[in-house]
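In this document, chain identifiers A, B and C correspond to the written order of the chains, with residue numbering beginning at 1 in each.
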Amino acid sequence: MSETKEESLFEAPPMGEQERMVEAILFASVEPVTIKELSDRMPHGADPAEALVYLKKRYEGRGVHLVRVGDAWAMRTAGDLGFLMQKETVETRKLSRAAIETLAIVAYHQPVTRAEIEEIRGVSVSRGTVDQLIEMEWIRFGRRRMTPGRPVTFVVTQNFLDHFGLENARDLPGLKELRSAGLLDNRPLPGAALNGDDEDDEDESPEGQNELFED
Amino acid sequence: MSETKEESLFEAPPMGEQERMVEAILFASVEPVTIKELSDRMPHGADPAEALVYLKKRYEGRGVHLVRVGDAWAMRTAGDLGFLMQKETVETRKLSRAAIETLAIVAYHQPVTRAEIEEIRGVSVSRGTVDQLIEMEWIRFGRRRMTPGRPVTFVVTQNFLDHFGLENARDLPGLKELRSAGLLDNRPLPGAALNGDDEDDEDESPEGQNELFED
Amino acid sequence: MSEQDQTENQWTEGTVEARLAAEALIVDVDGFEGPLDLLLTLSRTQKVDLRKISILHLAEQYLVFIEQAKALRLELAADYLVMAAWLAFLKSRLLLPPDPTEDGPSGEELAAHLAFQLERLSAMREASAKLMARDQMGRDFFARGLPEDVTRVRKVTYTATLLDLMQGYARIKTKDEFRPFVMDREKVFTMEQALDRMRSLIGYAGDWSDLNSWLPEGWETDPVKRRSATAATFAASLEMVKQGQLELRQGDAFAPIQIRKKDS
């Protein structure tokens, strides 16, 4: 059996069939499914990425949508029909203001260290706040910052994107405006008179911004 | 306000909208939903039964179907795509020593009865070992031996020959050849002493102690 | 504290309006998340774009607030007082002409940074509000209610090579030829052997003697044999202690183990 022959041995199913397959897999799953996972589960030679394009079109304007979450895809009900779902609505734990702000700071400034969150909010971040967000799987540890002390950073998760219906972190509301206004900059205090005693305040790294939205 | 006017006050949404609503509700619901429940959740004047007819049609031939469960409705992936709902992992394992020895005896001595295998190995042969080899299609039942009790015999299969690259079982090297190939040295074969194949020897041996030190 | 005095003088300069605003805020002092939060709230009374805010005016408002709180004997967290001291310092910098002998950032630079911090905090507040106002899963849109489990099928295939097969067969057919492996047992001194040996000799051991001196002859030099004999002899002596035939002692960790016959 030569290599060239092998391909023709596994002929990919017709695109209509592939679309049905992607539909069935996404339908059956609560979690978003990556193209890689789709590919692994579908017959050899299938092209789930193309099938997704057709499927997305098919569900446009329907009661259920095909949505992209990071590099994965999922089926979700249309946002305008939420009013029908009182029965399904899950009471989410009420987040404190501190938790909501911390979440927003992680989302807009990621990857961000605890010291940076504290600097932005002007108060120390309580352990419980970060724990709660991690437990909800909305934030997770990112890479360590390559500055003295190598502090850990926080980034938002795919669950976060999924929950807020975001394709990726770049779709955060008002992100562009905030960035062009310089409000996402790491601007050091002149002379560092205020936080000079802040030991774990790491150097504002020039890579900080580049690292933004790395994943 | 007269009775007749009231109806027009709550005008039912267009059928296309109703279809979307039914679609979203069935998708998000944890269990099949009755028409009564649909009706209760949808705006006044809606006709879920009719919407269901359209929706069912829309999903005909798709990867997901609308199915009736008792007097309720649910969405299910199409039956022919069930194979997508399985994730198969293939694990290759080395055959146990008991199985290899049994297989070797069948190959060298075929047709051979279970009692003969046990006599040659010096230990009883577990049912699982024989079953495994039959399941792998490496051995099969041969003709019954014309001796008292008419015991079944075992022979190797074409699959066996294919797997080991043999034309027929007579191609198997004899003891003399094995010895000249260095395979019968009294020294333990490289790897043979260390590969701990005693562990997966599932046959109980009456001479356990002797076997322990055999190699 | 000189800064304290300065503050005291200054707050009287505060406008009536500022003092009234501060009084209103005082009631809610627990509601603030630190000095920056309080400053942000105070800045709103200026009713201007945060970028055009008068930091000098803001500093005055803050200092009034702190004095009011003190007058009411409210417990203020330390960081409020630190901020008050810093704002008093900033205010003096902003009011006085720059001193060329003093290094460090100018009052304007510090004020600009504070304005930036306030603007950034305010922007993050707005962003978090926008985020929470988005459609959320489980509230506005929903995932599949009845997911179908993906079953994981683990398929195990077994394999063997021709060499495995031949070796297996050779092993069976030449069992008798594998004598050398029995040799291994010659280097094993079993506990039963040690027990037999010690039982027959214990009568002669009236006084404490080193356990090592009980090793059988010919087992003392070869390390493998010695290890086996030592282990067996030790195990046997423990067994005999249990049976009340022997006493065992060890002076210290790793010290020689000594045994003697127990008088019954």
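Everything below uses one rule, namely that a residue touches a chain if its C-beta (ideal position, glycine included) is under 8 Å from a C-beta of that chain, and two chains touch if they have at least 3 such contacts.
Going by UniProt, the chains are A, B = Condensin subunit ScpB; C = Segregation and condensation protein A.
Treat the numbers as computed from the prediction; the structure is a model and nothing was measured.
Trainee: How would one label the connectivity among the chains shown: line, ring, star, complete, or other?
Mentor: It is complete, because no pair of chains fails to touch.
Trainee: Central chain, going by Cα centroids?
Mentor: A
Trainee: Measure off the straight-line distance from the CA centroid of chain A (Condensin subunit ScpB) to the CA centroid of chain B (Condensin subunit ScpB), and report it in whole Å.
Mentor: Once rounded, the distance between the two centres reads 36 Å.
Trainee: With chain centres taken as the means of their Cα atoms, state the distance from chain A (Condensin subunit ScpB) to chain C in Å.
Mentor: Comparing mean C-alpha positions, chain C is 26 Å from chain A (Condensin subunit ScpB).
Trainee: How big is the gap, in whole Å, between where the Cα atoms of chain B (Condensin subunit ScpB) centre and where those of chain C centre?
Mentor: Their C-alpha centroids are separated by 43 Å.
Trainee: Would you pick out the residues of chain C that each touch at least 2 other chains?
Mentor: In chain C, the residues touching two or more other chains are 142-145, 148, 150.
Trainee: Please list all residues of chain A (Condensin subunit ScpB) that touch 2 or more other chains.
Mentor: Answer for chain A (Condensin subunit ScpB), listing residues that touch two or more other chains: 27-28, 75, 77-78, 81, 85, 88.
Trainee: Which chain B (Condensin subunit ScpB) residues qualify as touching chain C in the complex?
Mentor: 24, 27-31, 74-77, 85-95, 97, 99-101, 103-105, 107-108, 120-122, 132, 136, 164-166, 172-173, 175, 178, 183-184, 186-189, 192, 213-215
Trainee: Per the contact definition, I'd like the list of chain B (Condensin subunit ScpB) residues that touch chain A (Condensin subunit ScpB) in the complex.
Mentor: Touch residues, chain B (Condensin subunit ScpB) against chain A (Condensin subunit ScpB): 19-25, 27-30, 41-42, 61-64, 75, 77-78, 81, 84-85, 87.
Trainee: For a test of understanding, state which residues of chain C touch chain A (Condensin subunit ScpB) in their complex under the given definition.
Mentor: 33-37, 79, 86, 104-106, 109-110, 112-113, 116-117, 119-121, 123-128, 130-132, 134-145, 147-148, 150
Trainee: For chain C, which residues are in contact with chain B (Condensin subunit ScpB) within the complex?
Mentor: 142-146, 148-175, 177-182, 184-185
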